[in-house]
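What follows is a set of structures to go through.
After this come two complexes, each holding chain A, first together with chain B and then together with chain C.
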Partner chain A sequence: MMNSGSVKHLAGHPFDRRDFLKVLGWGGAAVALSGCGNGSVEDGKETVVSYVETNDYMIPSISVYFNSTCAQCDAGCSITGRIREGRVLKLEGNPNSAINRGKTCGLGQAGVQHHYNPDRVREPLLRNGDQGEAITWEKAYALIAEKLNGVSGEEIAFLTGGVSGHLKVLLGNYLDSFGSKNHFVYEAVGPAVLRAANKKSYGVEMPRFNINKAKVVLSFGADFLGAWISPVHFSQQYAQFRKGVDGQRGVLVQIESKMTLTGANADRWLVVRPGTEGILALGIINALGTATGDIAAAVKGYDKARVSKDTGVSAEQIDKIVALLKERTPSLVLAGSAAEGYAHGSQNAAAINLLNQVLGNVGKTVEAAAVVPFPQMAPATGNTFALKTLNDGLNAGKYKVLFSYAANPVFTAPGAMKFKDNLAKAGFKVAFTHYLDETAMQADLVLPLDSALEDWGTQVPEYMAEGAQINIQQPLMEKLHANTRGMGDILLALIKLRRADDYKKYDDYYAYLRAAVLQNKGALGGGVADDDTFWNETLSKGIIKLASAAHALSGKAGAAGLSLPAPSAIDAQYPLQLIPSVNASLRDGRNTNQPWLQESPDPLTTIVWDSWVEIHPRKAAELGIVEGDIVEVTGKNGSIKVQAYLFPGIHPDAISIPLGRGHEALGRYAKGYGVNPFQILDMVFDKETGELALHETRVKVSKTGSRVIVVKDEGPAGGSQMGKKIAARLPSDKVKLSEEVYYVG
Partner chain B sequence: MSVSNLLENWSDFRHTHPVDDVPHNPYKWAMSIDLDACSGCNACSVACYAENNLPVVGKDKYAHGYAMHWMRIERYWDEDGRDFPDQGAQFLPMMCQQCEAAPCETVCPVGATNHTPDGINSQIYNRCIGSRYCEANCPYKVRYFNWYDYPTTDNVWPAEMNQQLNPDVTVRGKGVMEKCTFCIQRVTVAKNNAKNEGRLVHDGEVWTACQQACPTGAITFGNLVDPESKVHKQWQAQQVELAKDAQTKDKEEGGSELRGYRIFEELRPYPSVMYLERVRESAV
Partner chain C sequence: MQRFLRLSVLLLGLFAAASSYAADAPPPALTTEDDLGPAIEQPIEFPHFRHAGDADKGGMQINCMYCHTYARRSLVAGIPPIQKCIGCHQSIESVRETPRIKKLFEYWDAKKAIPWKKVHDLPDYVRFSHERHIKRFIFQLNRPVQEVCGYCHGNVKEMTVARRSKLLSMGWCVSCHQQDHPVTDEGGTPIGNQAYWYSMHKPPVDASGIIKAKGPNDCSVCHK
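So, the complex of A and B:
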């Protein structure tokens, strides 16, 4: 056991408990730290034995299993890796996580192809003209120190994707060491507008949505079975919802302009004119007739006739929804990315959230989520506003040094932002990366990272399923390449160049993490266990479950400030609305180099290895387009050529192209397949949050005259069962689900 | 053999395997798939690639129909002539149905595909001569032929990727047929473990890779002859019987409240996979 005196001695400056907590990530904690138990690291006697030395466990032909956290998206599913003869072979879900309960999505399954990807960067590369020259890490660190010399905090920018846990702590402390506040967190397709709207409606950015407790789910374009927030968690809830509360099967009504995977599973899929989701929500509130006061006043003008005309949803259908919502409670209303993606996206989301309030769902199916009581570790979630700010700064020549990690804006920024050109104005660009993606290709220095299955870390998911949890990431096998480094190790090395005294006792990120966890053992549920026992248990579980209170929801936002624009008129020059769709596997394109995902058919079109544009058959007939026609999709900011696919699940005045393909870099499995719709997006932003309005781009479509055979899984019969009973269906009044034997999971 | 002879004495020609007096003892592996839970997400299909060393063939070969997805998700639309699919799509996870009277088996000239005593349609790779008759005769089109030698094809398993290959599963070379095995390598491990401990495999001891990944828990797998198994209970509740070619549900025209059915029952392959019909709300 250690007293603070020796900490003072080790740290070389007067011990300040607050600073010390900040170094390890527990700063500002809402939970009291235990006063003891932080001995072994502080006395410096710790001998760190890497967990990857699994020799003891390794018996030829016998698999061993280690728990870690899926890093394919930010949902934070816990995984169990199967390791044999020192190689990780397969990832499964860890049953002990409330988020994914033993399950994974297809994207998660492909995590091994990130790790074994043949196109990983293996050496630090320094730009020499068009070439990257391999250099040593010592030289790379020296170079960074040299470039930072004499540069002020304002002239340094750090761009990342969503980060949380101790990586975020180190990153924050590193920027702090320059007095820099320039941490730009960028997510190309994150629910940024929704977070802001939720904050207003419920008092928190990310409440819990209890799909499994709802009898009706009314989803305005929330693809919760596909790519929305925490899809594996929601898929499990969905399965329970289908079995029903009190034996009554849950009913899903999906309202959107382009059918998502969730829409394809709806009992009723309603196509709505793009951008009028909020109007429909207000129309439903009006038709419910239960609202009073300012809410009633706000929805007064939204009578059925007008709403039906604006949205294209029939009055009869609105009546049916209203009857259903009245008869079956509680319900749950979700505002998804399709509703967010407009200049009035915030208003759309607010109107939809208001419906939850009117229906009395807040506190029932929309609940407060548990919170990790350590603000320093809470996830920094990203948005496109951050990228825009960075881009403006780059354009103004503000930054001498730019670091980038886990973001690829050269690929995902709208072409009209000219991000690539502006990036060139930064003096020295450092990319921490696994692959040479489009952004790394522009860097001066490329630093190769350990894969997510080789690295250490802690992760705090944004969406908390039940209790609060911190996820542990640990190596599942030895590093494949000698010269890659963990992001935590790199940050630690860099911060040591700035604040040696604070960090010198941590040989590596592993030692730092271990120290951090053990220092706060009491609050992390370690009780009186000795350090080694607690640490080993933590690693073997892969999850730290925390006792924590949830913030209460407010749910009384009312209708103040709510105003929705009339549906936009059709633009004569660009008559079609472009919906860039987010597919569960490819998302924003960071995983496109995993061949299983390239070859995994899009669930709705069954297309593989290429992009396509979805056009409603009626519109296609009007334009004389048939399947496989290469069409040119032109907007104000350029055009792309892509194969046409006739798709019934889309509004005839809209077309849709999936995001994630069209890479010019990222290795053999990604480069050259498909097109990148990010390139032609219009620069329209949500009026309240400044977020890029992803669905606001107007385009026209013209035939080029060439035609290809669409490579897809669907056969010549298309979606027809040819009169056979293959995939069968029953109406709900013809089954007795409550009498069935079923098992979820 | 005349057709009339074949039809009259059908049961002599088409056995329920195995042909002993005591069929399927102590194991008969079977599945049930709940289409009301399945979201069509494809996680099962990717998990199968990961578990069973399935090659990624690439765009050009995919275009020729050479995809090797043992588990594929079929997507159907309503055919009611309406403008919009307002009841969504229909998804169907499709893989080898492990037919009891497998049409693929009877046509194999070398007996490379045949039945295991525990009711799995097995494929013996090193006996297969690549005639592809089985593929032609499979009513479900779930057999996949190795037109190329994928292990030596560029970018299928280049260095490092090959380290992911599952050592419990053969890597197939050119010229052989393959298909879903019900993850027989997992079944074998469980059976051996149970045997070493002098017991039978418990329900829930073996999960197929697709079942394990499936986020909605749509897939149930187990031993149909174990009365305690989930799969047995589900089949029983749905009154679906392995050796019948018409189930209760089929007999009651539109009146039954059961959801369980087998695809192409009328062809009498006696599949080991029962599907539960998707349900759609009548009130909306």
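So, the complex of A and C:
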């Protein structure tokens, strides 16, 4: 609750957009509604604080709206925040963005809980033994300068999540200032293998996928309605696809080993043996019979009988898919994260992409994406390969100073990588962070960041929907905590310590951003507008749309170098394949401390606030497991104990545990809820890209003897209730939980 | 979040003067001693009588809505931003050194908000709209501003800091909403064109040709 002390004066630029943000508005002090007596309830007790100064459009009880960009994931949806009395209340999609057209996903909605989160770090903290001691920013900057003193560029490393826009430029310049090339970009669940495969198949890492133009979509584990690349965008395309092109309703066939949200929406869902997606793709090419030359030669061995035996997909199903693909063009084939996650992930993706080429989809439903004509602002992407390189360097004691921003490898790196131990070998670790997450807990200096709704920035989405666009991030309200700083402001302050002359003209990151945008006014579509007009319009739109050329697309990769391994034999000791699933709300777990995300039920299992392991009912019966059994999932790299959920949408030889939970830090809504499957992943890497093969972990499952009631939205009988009599209604005080009957498959 | 409900001078209504249109209905209860709210000490003893009072009593006769500018546009009437006070007072030298004005400038110079105490408070489950009442009585029926504000706020132009002088209970609100009020021919109000009769039939037109109807009395009008 605000009080008068938080009301600030405007910075002295009348009617500037920023100024309004510097004024905190109307707020009553503590409210105690003392009952419902006659007449007024609290006369003379509450304080009513008026503005000191305000713009005319700020009217108490009337909302104003400002555009910004969602920072909950990297898809870059544009948002419109509703602000009243100086407080942001609700986020909606900005209708003018081609990416999300006025919509957001549930994860995006929870953005306000990131901003108002009670566990945000509020002061710079310096390690003192086990404690973090609050220090001033001046001291923090001085400390960094001191630690960098006499350290060479090679001894400094900067770890980040995906970054783009001016922040990336500034970061690059900062690293330059001490001659370091060690920028490691790490996204725990980014589509790194797919990027590399796309580059080979289409000539670009991230083409546009026109789901809306396809008459049939064949998706190999691409959860485009849930968590894949740009889910809000794809969901809207999907709606158009379902309405149909030329009156023909699109047909979705989803092929995967574990049902995703997209799989649950498919017309036909086919379970495939984990890792054999590529074989199935080649089998389909073979069965289509239209390929010629080297492609025909490459798929020759993949006859239906063999493919069906390898993949577990029946010859009849293959025939049906082939018939569908022949009957309906254009189609679209998607290689999703499920296909990528193997030691031969690149090959899987290449085989699937090849199917697009054979079907003639390249240039139709797979199109070149528009490029932002400022390559220095394009998103820096990366995955576990980068982390591994950093990890090796840390292990060898190469780094004296390590910065980390927007990445939490202590939580997301496979436990076997021993990242936490290696991190300890870095001399001085600085974490720029919103929360004390697992990585920040290891840092020597923790610098608290402004929330995404308080900070300035630009963002360039990796997946461009239509034209190229640069997204604007701007504060929707005054900062909640006086001692947090924007990442841009921190970088600017740090770079000023090294290149004062170049940067002294910028008071803050806002000034830098404004100057940088105005400098390129022409290229950014500003035309002849004067600076203030263009800048204000840009902020008001929240998006800079750019006229730009598209990448060239090539669709002639052919089958050269394609070779898929035979499906791996079942490991006697660890007979099950672990699929760590990426769920639409929690993704890699960076947002788990937003309670709405914990509270919103998983779309397929309806479970809340906890992890679970999905086991096929047949496998469960074999192992004597019923729903709610706490089972131990053991692999070569450790074990975790988790409640069992019997799920028919999974291959019987696989089990699945969602990612994102099992935090040991981060905050009160995350810590101690569920388990973290990252910790037990096997260190298997994609052979071509060196990225972690997320689905290659082999495990066994054993009962521990304890059992719990799974907390979920569906009834205790789950899906098995269908077609049966409705259970007798009992008053809740009569239900004996110990006698409840569970679903036993 | 319904902070607006707790904001500032909250009430204003349909009351006393309505009786002139409804000769047959009993007049609303007169303000009694019991209705008088507690005297409230404010950070600055703001003299309403000086600003809004009649000229012959030394007042400036400033329209209530000049300062409480949000009232006609919003649920809440609002306390004006200090900037508004300063707008005039920076050029009124004669009172510049008086204790109250000195205090005002202290707040302004420090850019600190004045922690006014709320005088008219309603429970959070009541949604009262100043805008609606002002549009109806001031702009549609052309009643004098001070009279209209006074229905709920009493005779503020004779007060120093405001003091509640009406009960502001639900019964008290309803006592006015139950009266017959003149409405437009279509039965609408200027905002949202909401019909004043809820029983599906138009009330009879009386001898003078004026159509009258009661104020809104759906629960949901005030309890959203």
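By definition in this document, the second predicted complex is superposed on the first by the 661 of 745 C-alpha atoms of A that agree within 3 Å, B and C clash if a C-alpha of one lies under 4 Å from a C-alpha of the other, contacts with A are read in each partner's own complex, and residues count from 1 in each chain.
In this text, a contact is a pair of C-beta atoms (placed from the backbone, for glycine too) under 8 Å apart; a residue touches a chain by one contact, two chains touch by 3 or more.
Not measured: the values here are computed from a predicted model.
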Tell me which partner A:231 touches in the superposition: chain B (first), chain C (second), both or neither. first
If we overlay the two complexes on their shared chain A, which of chain B and chain C does A:251 touch? Say first, second, both or neither. first
Answer with first, second, both or neither: which of chain B and chain C does A:89 touch in the superposed model? both
If you stack the two complexes on chain A, which partner ends up touching A:511: first (chain B), second (chain C), both, or neither? neither
More residues of chain A are touched by which chain, chain B or chain C? B
In the overlaid three-chain picture, which partner chain does A:59 touch, first (chain B) or second (chain C), both, or neither? second
For chain A, which residues lie in the overlap of the chain B contacts and the chain C contacts? 61, 84-85, 87, 89
Tell me, which parts of chain C touch chain A in their complex? 1, 3-4, 6-8, 35, 37-38, 40-41, 70, 73-76, 78-83, 107-108, 111-124, 164, 167-169, 171-172
Please name which positions on chain A make contact with chain B in the complex. 61, 84-85, 87-93, 100, 102-110, 112-113, 116-118, 120, 225-226, 231-232, 235-236, 238-239, 242, 249, 251, 253-254, 259, 261-271, 320-321, 323-324, 480, 584-585, 595-601, 603-604, 606, 608-610, 616, 618, 648-649, 668-669, 673, 709, 711, 713-714, 718-721, 724-737, 739-745
Residues of chain A defined as touching chain C within the complex: 4, 7-9, 26-29, 31, 33, 36, 38-54, 59-62, 84-85, 87, 89
Using the touch definition up top, name the residues of chain B that touch chain A in the complex. 34-37, 39-43, 45-47, 49-51, 56-59, 62-63, 67, 69, 72-77, 79, 83-92, 155, 158-161, 163-167, 209, 212-218, 220, 230, 233-234, 236-238, 254, 257-259, 261, 263-264, 275, 277-284
